[in-house]
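First chain written, first letter: the chains are A, B and C, and each begins at residue 1.
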Amino acid sequence: MSQTKKSYRASELADLLAGELIGADLQVNRLCDLKEAQADCVVVLADTKTVAALKEIEAVLVLNRRLELPLSQVIVKDTRLAFAQLSQLFAEPIVLAEGIHPSAVIHETVKLAENVHIGPHVVIAEGVEIGAGTQIAANSFIGKKVKIGKDCTLFPNVSLYPEVELGDRVRLHAGVVVGSDGFGYARSPRGALKIQHMGRVIIEDDVELGTNTCVDRATLGATVIGARTKIDNLCQIGHNVKIGSDCLIAGTVAVAGSTTLGRGVILGGGAGVVDHVHIGDGAQVGARSLVTKSIPAGESWNGYPAEPYKKYVRKHYLLGKLEQIWQTIKEN
Amino acid sequence: MSQTKKSYRASELADLLAGELIGADLQVNRLCDLKEAQADCVVVLADTKTVAALKEIEAVLVLNRRLELPLSQVIVKDTRLAFAQLSQLFAEPIVLAEGIHPSAVIHETVKLAENVHIGPHVVIAEGVEIGAGTQIAANSFIGKKVKIGKDCTLFPNVSLYPEVELGDRVRLHAGVVVGSDGFGYARSPRGALKIQHMGRVIIEDDVELGTNTCVDRATLGATVIGARTKIDNLCQIGHNVKIGSDCLIAGTVAVAGSTTLGRGVILGGGAGVVDHVHIGDGAQVGARSLVTKSIPAGESWNGYPAEPYKKYVRKHYLLGKLEQIWQTIKEN
Amino acid sequence: MSQTKKSYRASELADLLAGELIGADLQVNRLCDLKEAQADCVVVLADTKTVAALKEIEAVLVLNRRLELPLSQVIVKDTRLAFAQLSQLFAEPIVLAEGIHPSAVIHETVKLAENVHIGPHVVIAEGVEIGAGTQIAANSFIGKKVKIGKDCTLFPNVSLYPEVELGDRVRLHAGVVVGSDGFGYARSPRGALKIQHMGRVIIEDDVELGTNTCVDRATLGATVIGARTKIDNLCQIGHNVKIGSDCLIAGTVAVAGSTTLGRGVILGGGAGVVDHVHIGDGAQVGARSLVTKSIPAGESWNGYPAEPYKKYVRKHYLLGKLEQIWQTIKEN
C-alpha cells in the first residue's frame, strides 16, 4: 500500500539495520525501486552487479559490500532482511475498517474487546469472541463460537466456519475459508456416506494465509497451523493436518488429510503432499513436487514422485544420457 | 461442528451399525478420538495395532475384530462406514440462517418454498426459485433465474451465476462459484474474441462442492455434475464438462472443457484432465496425474502423462535401473 | 446466459461472418448446439465428419466446406471465429446491477462517472474512481484509491485491495482478488519477517480474470497484466510479475514472483512458472508443465521440468524403450 510520510536520516537507518553508513547522511522519506529512485529514497540492492548504472544515483543505497563510488551507502549483512525491515518502517498501517459499521450484523452474544473494527456487511454469529485491536473487513462471515485473538487482520470476503480459533496477529487475506468439512466419505449401499466433521481448526499466533486459501476442519480433534507459519494464495490444507511453527508454504500447495509437518518446513509452489505422511523439521520440498512418503527432518526432496534432491538430480542426469544409451543398445 | 447432547446405549449403536456388542452395555454421549476418549465416548478404531494402549480405555470401541480385553466392543465389518454412520448420528445439524434476514435483498419475483432460510446480506436476483428447507448463508449471491432444489445448504460467500440449476440436498461450501464463463476465445485480427457462454450448469441431487471450487457454464447446452458426486476444495470444472454420478474428485483437481466422466470415477488430489477426453465408469486416476487421453472403464491410471497403473509402476521400476544401465553402457 | 430474441436472415449472418450463403435464406433466432437444433437455429460445425446425421436438419449450418446436401449453409474460413462472432451477436448483455443499490456503502469521496451500476452490499472505500458504464455486482469490495476504467464488469464477491488500477472493459469474475500482498518474508532471529508490499497492480484494457483467480501487488513498482490478456479460473499471479498483452493463461496456472511474460504467450492448464524467469513473445507452455528457466520467444515447451517440445517428445519416446534397454543389459 502507499507509504506514510516518514522521514529518517541515513544514519538513523544504519542504526536500525545494524549497518554501517558510508558517505553523506542524507534525508530519506521513501523506500524505492532502483528504477524510480530519487533524492529522498532509500534503495536496497540485492546484488551489486549493476554498479556502473549507480554512478549518478542520489538515493541512499543499502548493500552488503562497499562500492568505490562517492554515494551514500549503508552496508548490512543481509539485504533481504534489511529490505523487510525498511518495508515495515515505511509501510502505511492497513486500515480496513474504522469502528463498527452499522450495516454489520453482529449477534447480541458476541464479545468484542476494545478497539475492534468491523467493516460493512460483516456477519458475526452467536457466541463469537474477538480480541482487542482486531479488524475485520467488509463482507466477511464469522461463524458461531469462533474465537479470534488480538490484532488480527481479516481482509474482505473471508469465511470462518463455526468454532474456528485464531491466535493473535493472524492475517487472513481475501477469500480465505477456514473450517469447512474435510473430504471424507464412506462407501455405503446408497452411495458415498458423508463423514460429518466435528473437529476444529486452530490457527496459532502470527500465521498469515493467502487469498482464497482453504483450511479444512478436523474429523475429530483439530487441524492446526503452527505459530508464525505463512501460507500463500490458493493453498489447500486438508482435515486433521498439523503444520508446525515457522513453516513457509508457497502458492497452490495442497496438503492432504492427516499429514503432519514439523517446524520450519518449506514447501515450494504447487507442491502436493499425500495423506498420512510426515515431513520432518526443516525439510524442504521443491516446486510442483508430489510427496508420497514421509521425509526425514532436514532433507530436501524434489520430483514426481518426490525423492531426495541428490537422487532427483542424478535421475535427471541419467535421463539426459538416454539418447546415448539407446544408440549404444541399437548398435549392438 | 460441535455435537448435540444425544445419548445411546452401546447395544443401540451395535444395532444401528449392524454390529455385535461384546462386553458392557455402556452409555455413550459422544463420538471421540482415541486420544481424548472418556467414559461416555464411542471410539472407532480403523486398525487394532495399538491394542496395548487400549487396556485402560473406558469408552465403547468400534472395530472390525474382537480384542481379547475386557472392554465394551462393537464388532463391525467396515469401520470407515461405521465412523460415517456415527458421525451422522452425533453431528449437530448445521444452521446457517434462521428465517429470512431483513438485510437480504430478494427480488420481488423470487419464489421461496416453505422453511427456506436466508442469511444476512444475501442477494437473490429476479426469477429465482428455491425449494423447501434450503438455507443460504451470509453474503451469497444468487443470479437471475437460478433454480435451487429442496434441503440445499449454501455456505457463505457463494456466487451462482444466472440460470444455474441445483437439485435437492446440494451442498456448496464457502466461496464456491458456479456458472461463470468458460475459457473460450477465437483468434481474430483484433486479438482474442470472446466466446460468449450461453449454456447452463446443472448440479444434480446430493452433490457437494468444496470451498472455492469453480464450475463453468457451457458454451451451449449444459455443464453437468451427476447425482451424489463429491468434489473437494479448489477444483476447476471447465465448460461443457459432464461428470457422471457417484464420482469422487479430490482437492485442486482441474477438468478441462468438454471432457466427460462416467459414473463412479475417482480423481486423486491435484489430478488434471485435458479437454475433450472421456474417463470411463469406475476408472481411477492417481494424485497429480495428468490425463491426456481417454481412459477405459474400470482402469487405474497414474503419471505425467497418465498411463495404466501397471505400466506406470514398471516405468518407475525401470527408472530405478537407469544407474545400472548407464554404468554397463559406459564400461562397454 | 440466455439469448435475446434477435432475428436475422441467413444472408445477413453470411455478410456478418464474411461467408458465403448456399441454400435457403432462412430466418434465424438462436445459436444452437447440433443436438438441440430446430428450424430457427444457426449451428456452427467445427468438423463435418457427422454429415450423415445432418440430412434432416432444418437449421442454418455454418461450416468451412460445402456439404452436398440441400441445406442452408454458410461457408466460412474459420468456424471457431464464426462461433465467437455469433455468440457475441446472440448473447444477452450481462446486467449485474441497475443503478446504485441503496445498501451499497460508498465513501463520500468516491467519484462515479455516468451510467455506473453498483449492486447490493458492495463496499467502495475512500478515493475510488470508477469510469462510465462500469457495473459492480453484489458483495464486492473496492479498496481505497482503486481506479476502475470504463465499461468494466465485476462479478459478485470480488475483492480489490487498495490502489489497484483497472483499465477499460476489464472483466473480473466472482471471487477474484487483486492486490493482496505477495509471499515475501526475510529470515530474522525472531522468525520470518514480513516484507510489506507497497507496490501496485495494473490490469490493462480488455483483460479478463476467471473465478477465484488471485493477482498479488508488487513489493515496489507494479504487477502488470497486459492488454487483452485472458486468465482462466483459480490462477495465481505472483508479486511483480509482468504479463504482456494478448496472452492466454488457462486454469489453475501459477506464475511466481518477478517472472515476466512477453506478448501472446500461451500457458496450458495447470502450468507453473518459477520466479525470476522470462517467457518470450509467442511462446507456448504445455498443460501441467513446470517452467524452471527462461523460454525464448516463439518456442513450445513441455514437461516437468519443461524443455523444448521436440526434446520432450524424444525423451518420452526413449522412455518407451526402457524395457528393451533393460532386457538387453540384463542379457549381457
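Simple rule for what comes next: a residue touches a chain if its C-beta (ideal position, glycine included) is under 8 Å from a C-beta of that chain, and two chains touch if they have at least 3 such contacts.
From a predicted model like this one, the values you see are computed outputs, not experimental measurements.
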**Fill in**
Taking shared numbers over all numbers used, above half giving same and below half different, the chain A and chain B interface sides are different
**Item:** Superposition rotation for chain A onto chain C, Cα-based, multiple of 5°
**Value:** 120
**Asked** How many angstrom between the C-alpha centroids of chain B and chain A?
**Response** 27
**Message:** Quick check: what residues of chain B touch more than one other chain, meaning two or more?
**Reply:** 103, 121, 139, 157, 175, 212, 234, 252, 304, 319, 325, 329, 332
**Message:** Residue numbers of chain C touching chain A in their complex, please.
**Reply:** 103, 105, 121, 123, 139-141, 145, 157, 159, 161-163, 175, 177, 180-181, 183-188, 191-198, 212, 214, 216, 219-221, 234, 236, 238, 252, 254, 256, 272, 274, 290, 292, 304, 314-315, 318-319, 321, 324-325, 328-329, 332
**Message:** Show me the residue ranges of chain B that touch chain A in the complex, using the header's touch definition.
**Reply:** 1-3, 31-33, 35-36, 78, 80-81, 83-85, 87-88, 90-91, 101, 103, 119-121, 137-139, 155-157, 173-175, 206, 208, 210-212, 228, 230, 232-234, 245-246, 248, 250-252, 269-270, 287-288, 304, 319, 322-323, 325-326, 329, 332
